Amino acid sequence: MPAALKQLAELIGADLRGNPDLVIHRVYPIDQAQAGDITFVANPKYLSKLETCQASAVIVAPGVDAPGLNLLIAANPYLAFAKILTFLQGPAESGKGVMPGALVADSADLADSVTVYPGAVVGENVKIGAGTILHPGVVVYADAVIGSDCLLHAGAIVREGCRLGSRVILQPAAVIGADGFGFAPDGAGYYKIPQVGIVVLEDDVEIGACSCVDRAALGETRIGRGTKLDNLVQIGHNAEIGEDSILVSQSGIAGSSRIGRHCTFGGQSAVAGHVTIGDNVTIGARGGASGNVEPNQVLSGLPLLPHKQWLRMSMTLPKLPEMRKELQQLKKRLAELEVLVKEN
Amino acid sequence: MPAALKQLAELIGADLRGNPDLVIHRVYPIDQAQAGDITFVANPKYLSKLETCQASAVIVAPGVDAPGLNLLIAANPYLAFAKILTFLQGPAESGKGVMPGALVADSADLADSVTVYPGAVVGENVKIGAGTILHPGVVVYADAVIGSDCLLHAGAIVREGCRLGSRVILQPAAVIGADGFGFAPDGAGYYKIPQVGIVVLEDDVEIGACSCVDRAALGETRIGRGTKLDNLVQIGHNAEIGEDSILVSQSGIAGSSRIGRHCTFGGQSAVAGHVTIGDNVTIGARGGASGNVEPNQVLSGLPLLPHKQWLRMSMTLPKLPEMRKELQQLKKRLAELEVLVKEN
Amino acid sequence: MPAALKQLAELIGADLRGNPDLVIHRVYPIDQAQAGDITFVANPKYLSKLETCQASAVIVAPGVDAPGLNLLIAANPYLAFAKILTFLQGPAESGKGVMPGALVADSADLADSVTVYPGAVVGENVKIGAGTILHPGVVVYADAVIGSDCLLHAGAIVREGCRLGSRVILQPAAVIGADGFGFAPDGAGYYKIPQVGIVVLEDDVEIGACSCVDRAALGETRIGRGTKLDNLVQIGHNAEIGEDSILVSQSGIAGSSRIGRHCTFGGQSAVAGHVTIGDNVTIGARGGASGNVEPNQVLSGLPLLPHKQWLRMSMTLPKLPEMRKELQQLKKRLAELEVLVKEN
């Protein structure tokens, strides 16, 4: 959906320097952009690329010039780029209704403007809000409630009674509400504890492909508004994740842990069960929290250390064999010296 | 399904102190339980909560009193809680047969009391036992054999020829029998080795959401009776896992390894290929076994250490940069002292 | 599909010693093979098993003898085994067309010889080449292009516009083209960056069960010809993986990283974002590359070290608490000695 540059400037609240009627067709990376494209520079180290850039226009931060290019000057060029890209994509497809080959229970209550693709399955008493799209292979179990303008990609599964807010996105094969991992040892083996709670995904949550948010044993597992999970992430039963947090791929939060707001968990990081993590905590890739973490910290490693301390520790690790050798040499030299001193 | 307290006492073999005719509707956590609910105290540190507990009844261990509450006194309150919760849930839905929208091959042999939901697919010559439930989106390939009273959740996949015992549970998108990861280097690249073996899941096995148990190259991959896998767990081809073992989320067992009985693998832990792990081994979260492990041990870390030794090592790690500095200072001081002594 | 030994010798270019007309029915492991079977010895340490082997024939390397057994002598017995196993399996089932219960858009362009099983869904304008098989529950979104002789297992998902070469294999629930994990911080929370790029899987790529290859934000994410991904592997948006590389289960490559050819990534290993890894790099299980890696190296650990150096470091780690104690003792002894010397 092409747009005039002045339209895009208005959209993002940018100053426009250049031709307001220039028609923009695409957003493209600075290296590959051609005539008709808009590009952006968010990182100052790429500013030099503007000299050879073939784009018709560029989004830049205040104070940047680019002779010969039309400019949109925005306080946050990266955010401006995201908003323009969204706009040029056009609105999501409008409600196609329940398409042939979709399997929807009679008792399900679907807003008129939903789209249910062929091969999607909707169970008894499910409620789905306006504008929501279910791709093929989506399965929604009985009694689940899904808000408006949600996007459930192919193979995403929402189990019984779980509740999704509005504008929730499930990437393909995301699993919401599988049984939590709860078993009572009965001597010989394990007796399954029924998992009768639910999952609540608040508004604007996104769950990555093949990520799993387990239903609570009793009560709820809850992901706060605006929180985003990458692919292959695990959230255990009865966990609570605060608002606007980020969990990168292959990270895992064990059962009953409570994570604060504005937290970030790096790839393959982990949080043990029954742990509390404060607000504004960042745990680096492969970091592991085995106990509570106070708010407002950047930590890495297992055990967790302040990130800079962890970096120092990491850089020292390779010296370990040499340190051991030196230690033994020192010991020997000291012993010799002790003898020498005592002989005197 | 409400029940009288005496009925529950009989179910779990508990002593009842209080009103045997009290009707119990729900099991609820001690903090949230209301009149009509039963709760439990399994961990002595929560006993003080009994004073303000609003439940009508509570399951406790012998020797515990709770004035004003009806008591079920059980040797293992946690197990008793699980059994009562299961009972109050009522029996699983009875056999609904092959529902409209299910796709079942003519040659498949299904017991009368199975349930095949809309959108489930059953291939040629598949056998399914009594009481088994296939949710929407389940796919069972040709020649697979599934026992009785199994529960296959949405999107679970059982590939050709694999065999499930009875009471097996597959959480959503569990994948049983994908090709093992086997390739023969042919100089330039890799030649795929056909994976013509199967997977056997014995009775009472549970496989978590998005967990993968690969088929054997030749022969079988086998998960022993009663063993439970959490979500996102990987089991390589030709692995054998003993009975009553537990694999927590995001752990992985590489190909051809043999794991004993009553083992526990923590989250994100791993076992290398062609390794033997004895019975009653616990490997802590993110532990990694690169070689064989003798039975009856609790180990952590990479390399694996006895858990307490690993804890000590972990607590020392942050001191590493300081240790290096001290070592260099000692070296300098010692050299100076050596000079001093030799000069004298 | 049984075959005469001479036929198999010709297939793999092996020297035959024994009965050329012997009919071979199966390939079986050396311990379990019976009359009518062929087995193989690729690892010299198993040669002693030939003495009690019940197989009718065995594939061996040049220079090996096995009295009483028919021999196929091949330079690479493991590769020969794989080729014979493939041959005895017979060709893949021939094109069954669009089967009843499959849901294929009218605008999709399918070669005559494809197979689309019941419950598979093919979107608008999709193109699928000759001989390709889509199992039940496969979902191919609009505008995707799939080459010839591909095998898409149940629940595999290919999102809009993605392109698969020929002979690509997707194991069950593999997800190709989910949105990359891209968000622009907007002060309070995160604004989703539309992911408008695609994924390209070149010829002969295999993607494991529940593995995820994310679509690019702009441009493409690309997996090179012949590269194989195991299960539960994550490939971030805009990553590029070279040809003939191997990624073992639960490994992850973050966004925008470029991986060379002939690389191997062990289980649970990881590569950070925006990193370049040269050709012929092997990163051991759970290794982590946080920066660029020069070609032709075998590395392990986090931080990455040459594998042998990492092994030494690992073996020293358990000594760390003891080292700290010794260091403190040395410090004390040195201080005492210093006093002693200075007093003199």
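Order of writing sets the labels: A, B and C. Residues in every chain begin at 1.
Please note the rule applied: contacts are C-beta pairs under 8 Å (C-beta built on N, C-alpha and C of every residue); 3 or more make two chains touch, one makes a residue touch a chain.
The model shown is predicted, which means the values in this text are computed figures rather than measured ones.
Residues touching across the subunit B-subunit C interface largely differ between the two copies, under half of the numbers being common to both. A rotation of 120 degrees, rounded to a multiple of 5, brings the CA atoms of subunit A into register with those of subunit B.
Centres computed as Cα averages put subunit B at a distance of 26 Å from subunit C. Shared interface positions of subunit A, i.e. residues touching 2 or more other chains, are given as 119, 137, 155, 173, 210, 232, 250, 268, 315, 317, 320, 323, 327, 330, 334, 337, 341, 344. Considering their complex, residues 27-29, 32, 76, 78-79, 81-83, 85-86, 89, 101, 117-119, 135-137, 153-155, 169, 171-173, 204, 206, 208-210, 226, 228, 230-232, 243-244, 246, 248-250, 267-268, 285-286, 314-315, 317-318, 320-321, 323-324, 327, 330-331, 334, 337-338, 341, 344 of subunit A touch subunit C.
Taken in their complex, subunit A has these residues touching subunit B: 103, 119, 121, 123, 137, 139, 141, 155, 157, 159, 173, 175, 178-179, 181, 183-186, 188-194, 196, 210-212, 214, 218-219, 232, 234, 236, 250, 252, 254, 268, 270, 272, 288, 290, 301-303, 305, 309, 312-313, 315-317, 319-320, 323, 326-327, 330, 333-334, 337, 340-341, 344.
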